[in-house]
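Just below is one structure, and these are the notes that go with it.
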Amino acid sequence: MTWIILLVCIPLVVGAVAVVTVRDLLSAIILEGVVSLSAAVLFLVLGALDVAITQAVVGCGLTTAVFLYSWRRLPEKAREVSHD
Amino acid sequence: MNVVHLVAISALSLFGIGLYGLWSGRNVLRWILAVGLMETGINVFLVLTGWYPGARVPIITESFSTSGPVPFLDPVPSALVLTSIVIGLGTTTLALALAILHARSHGTLECEADPETAEVLE
Amino acid sequence: MNTAVAFIAAPLAVAFLLPLLGSRSSWGSRAAALLTLLALAAVGLLMLLSPAFPQVVVIGGWRAPFGISLYVDALSVMLVVLFDLLALFALWFQHQHGQEKPVSFDVLVLVLSAAAAGAVFTQDLFNLFVFLEITTVAALALSAPQTGSPRGVIRYWLFGSVASASMLLGIAILYSGAGTLNLVELGSRWGHLTPPVRWLSGVMILLGFLVKMEIVPFHVWAPSTYRAAPSSVGLLLSGVVTGLAAFSAWKFFALVLRGGASLPPVSGVFSFSQALFGLGALTLILGALAMLAEKDAKKLLAFSTISQMGLVLMAIALGNPRAVRAVFFLLFAHALGKGLLFFVTGLVVSRTHTSEWRSWRGLGAASPSLVWFWFLGTATIIGLPLFPGFWGKLTFIGGALEMGLWGRVGVTLLILATVCESVALLRVGHALWEREGEPSPHEGKLPTRVSGRFSYWAGALAFTAAILWMGLWPAVFSRAFVTAQQAYAGDGAPSVVRTSTDAFAQRSGHHSRRDGHHSRRDGHHSRRDGRISHRDGNVPSRHDNVSQGR
Amino acid sequence: MTRLLAALVPLGIVGMIAFFLFTGETGDRMFRGRSELGDTFSRRAVRSDPPNRLGPGSRGLENAAANTVTAIVLDYRGFDTLGEVTVLFAAVAGAGLALFGRRRRRGKAAPVTPSSLILTAAAPWVFLFLFVVGFAIVLHGHLTPGGGFPGGALLAAGLVLLMSASGHESSARRLHLLEGLSGFAFVAVGVAGLVWRDSFLAHFGDAGALGAFWSAPVTILLYLIIGLKVSAELTNAVRTLANVEDPTTEEVP
């Protein structure tokens, strides 16, 4: 049990680091979804089933969907990341 | 140091990574993502405050007995986290609308300090 | 006695139904929104006339530590009436003088007023967080500019989000330590928490409030947001959103932190309250100085708000009975005065299409009343004798002088800041008034006369009446403030829980009412030696905070 | 340099929080898991002692929702949930205000997604599936995990899919009707509690037997309302964000 919990923490933290470091914005959005999903799995393992389901559907699914819908509406130039 | 502490540290590091994301970049979309990370971290932390090894799903079934300790995960933080997740979705939606406005008026998502508004004390 | 619920439920119900009338703001939806707010203000005034205070309104039928309860006293009803009237006025102004807005504008103003009422009344920390979150979301959406750069608002969102995150983390830590969310119960368990829990949760939750109060290192979002927002929204931001944050911060500071006295001192050199006092003083003086350098009228008013909130924070940190009353006085005076100033600014901007106040020259020649209303607002804010701000600052000085050296430094800074603020505001008034010199850039091309309209006089005279009432006859306010301060500082607030629990035992699920007997207790226990104690020593953790550790 | 600072400061903050929370007396007291509050809710013991046997079939409880989290979300702390629904409502209305503030939209709005044959053919069936599952989750919120928010989100997913497949946006007016009426219904249930139980949002009527489908009637009703509200809200949010005109073709009056 303990190991499962700790195992879920790895994608959570690694994914979060990836979100803030990855260059491409679209990948960052997808990675954010991965982080949310790992959080949902973590909630599941911890026994907070209500939270897990809500996190999976609302926090992961819908938030990513909203991100992607607004992504589609951004002008081409805005999607690029400036190189500093 | 046990498993609770390790999970709590991951939750707190999510909070810290979000802060780093806010601080290191200028991109509005990345800011929104970073705030999302902070919220996720806090939600995990909050659920964890009600957890202990062996905690069960807080639904009353046959095996529940009124005497003795309640074998459940503390349901109050779970209820708070439900609220916080939905609030997070709301603020994210609004922030994305602002990001679209920004892209519309500046053609980019890089949010520099406005030279017009950067004056005294800013 | 569930009337107080109407202040939350009614605007929400109307707000939910308004979009059904169509997506553009129509005659019907405007009338519905305005009438709702007007009716609520009237109900509030009627409640004040029949003093059945304080009441505890139990939501959902669950007694206080388990469910959410509202604490309704004269002060909170007055605040809610003030917020409703400001919301009413902002809507009225936007429809009469501002640009055309879709119905979601009306909806958001209603939601804002409902959330403000909820946050004023609630006795539950998480519930307070939720309501503050609603006000932030509504204020963000209202201040998003439809043309031009949204950068100011994005900054507001950024700061607001970090503030909310910090506050939520603080709540999580506090809950895991104390196991309750009720403010009063948190206060009574506060002393049993370990110092790290107290420190972390106290600092993180207060940080959330301070960002929303625009206190100096965290004020960065405010000026650009005010500049981008329409004036009606500026009025809401300054009077309702910021005032609400200040009131909530005070509620948390007084009920849970016990005036900061129960936090261990940082290093033996200064205490938590002294740190807050220092932040407030910094905000007060820097805000006032920034006003002198500011060319944009809306940003000037934003810096004035920042400066005033610094003063409010100083009063909160002082925490003695007079200073607490000063908090309430200052909140009311600031909301009224700033409302009038934003009203004039909005009118002028709607004519000149610029908020650079130097180019407003000569407008007052066409509408002299405009200038008078600007001066009236200025007098209210800076505290000319017999204006509301005067009572606020006088009470503050009285409270500060009880606190020894710190207080005296605070009073000196207040006087300096008031001078700066007066100069800055009067210069704008003078620019409006000025007739000589080079001709006004608006000469001839503007219908500069705004004073002929009914809506103008209705709005301006309403503000004038409120200002004169509070300035000339502060006794009504003062009485409510004293009662509230004593209830929160002493045995009153803890018995909010106790009484509702007792009543619960008798009539399950019902609200209860407390008689105001505590109001007869004398709250002045100032001693001349510079140390004061609110009660005579029987609550050891509750003694003087700012001068502690000297 | 700034990057280093940006990394070190959060690290310091998090490290400090972790250090203070996990060591010493605080470390012993933190994360014990159970709170008096949660225990009382779990035992349904706020008003009085629960019956001897609290389990499936128990009657006469103060709250008969078997799922304690649901009991808290909709009953003990139902006021928070009203606020939560309002945040979502305000955010979606605000996104609309921010994006379409002064602009009158002309002509037909852009389709949400270009529809393909496969999508068009499959959409009704997927919609039906999501619709049934969504409603099942909403209606079982008092017994099983889930409830109005995830269920409503599934309903919204179905609606958005239908919108995408048919290539035109679903009638804004109908969405507003659903959004407004369900929000109003939430407040109306609260007022009904005020009328019958003398307290806003108090649950009225017989709570029923714990664990039965027809138990905790007000909880079912509120979750149904929330499910509809959330689905309307989220569909509206997607519609708002998806219909932003392209800045190149946009005309500013």
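Points to keep in mind about this one:
Lettered A, B, C and D in written order, each chain numbered from 1.
Note that in this section a residue touches a chain if its C-beta (ideal position, glycine included) is under 8 Å from a C-beta of that chain, and two chains touch if they have at least 3 such contacts.
Here the structure is a predicted model, which is why all the values come from computation and not from measurement.
The greater number of contacting C-beta pairs, out of the two interfaces A-D and A-B, is seen for A-B. Subunit A and subunit D have Cα centroids separated by 19 Å. With each centre defined as the average position of its C-alpha atoms, the distance from subunit A to subunit B rounds to 11 Å. One simple way to say how far apart two chains are is to compare their mean CA positions; for subunit C and subunit D this gives 30 Å.
Averaged C-alpha coordinates give centres for subunit A and subunit C that are 37 Å from one another. Of all residues in subunit D, those touching 2 or more other chains are 17, 21, 30-31, 35, 37, 41, 67, 69, 77, 80, 83-84, 87, 90-91, 94-95, 98, 145, 149, 237, 241, 244, 247, listed in ascending order. Residues of subunit B found to touch two or more other chains are 13, 15, 17-20, 24, 48-51, 55, 57-59, 73, 76, 78, 80, 82-83, 85-87, 89-91, 93-94, 96-101, 103-104, 107. Counting partners per residue, subunit C has 126, 130, 133, 137, 140-141, 144, 147, 150, 173, 175-176, 181 as the residues that reach two or more other chains. Under the contact rule stated at the top, the pairs of chains that touch are A-B, A-D, B-C, B-D, C-D. For subunit B in complex with subunit D, the residues that touch the partner chain are 1, 4-5, 8-9, 12-13, 15-17, 19-20, 23-24, 48-52, 55, 57-62, 64-66, 69-70, 72-76, 78-80, 82-83, 85-87, 89-91, 93-94, 96-98, 100-101, 103-104, 107. Of all the residues in subunit A, the ones that touch subunit B in their complex are 1-2, 5-6, 9, 12-13, 16-17, 19-20, 25, 28-29, 32, 35-36, 39, 42-43, 46-51, 54-55, 58-59, 62-63, 66-67, 70, 73-75, 77-79, 81-82. Of all the residues in subunit B, the ones that touch subunit C in their complex are 15, 18-19, 22, 28, 31, 35, 38-39, 42, 45-46, 49, 76-77, 80, 83-84, 87, 90-91, 94-95, 97-99, 101-102, 105-106, 111, 113-114, 116-117, 119-122.
Those residues of subunit B that touch subunit A in the shared complex are 3, 6-7, 10, 13-14, 17-18, 20-21, 24-27, 29-30, 32-34, 36-37, 40-41, 43-44, 47-48, 50-51, 53, 55-59, 73, 78, 81-82, 85-86, 88-89, 92-93, 96-97, 99-100, 103-104, 107-110.
The part of subunit D that touches subunit A in the complex is made up of residues 67, 69-70, 112, 137, 145-147, 149-150, 153-154, 156-157, 160, 234, 237-238, 241-242, 244, 246-248.
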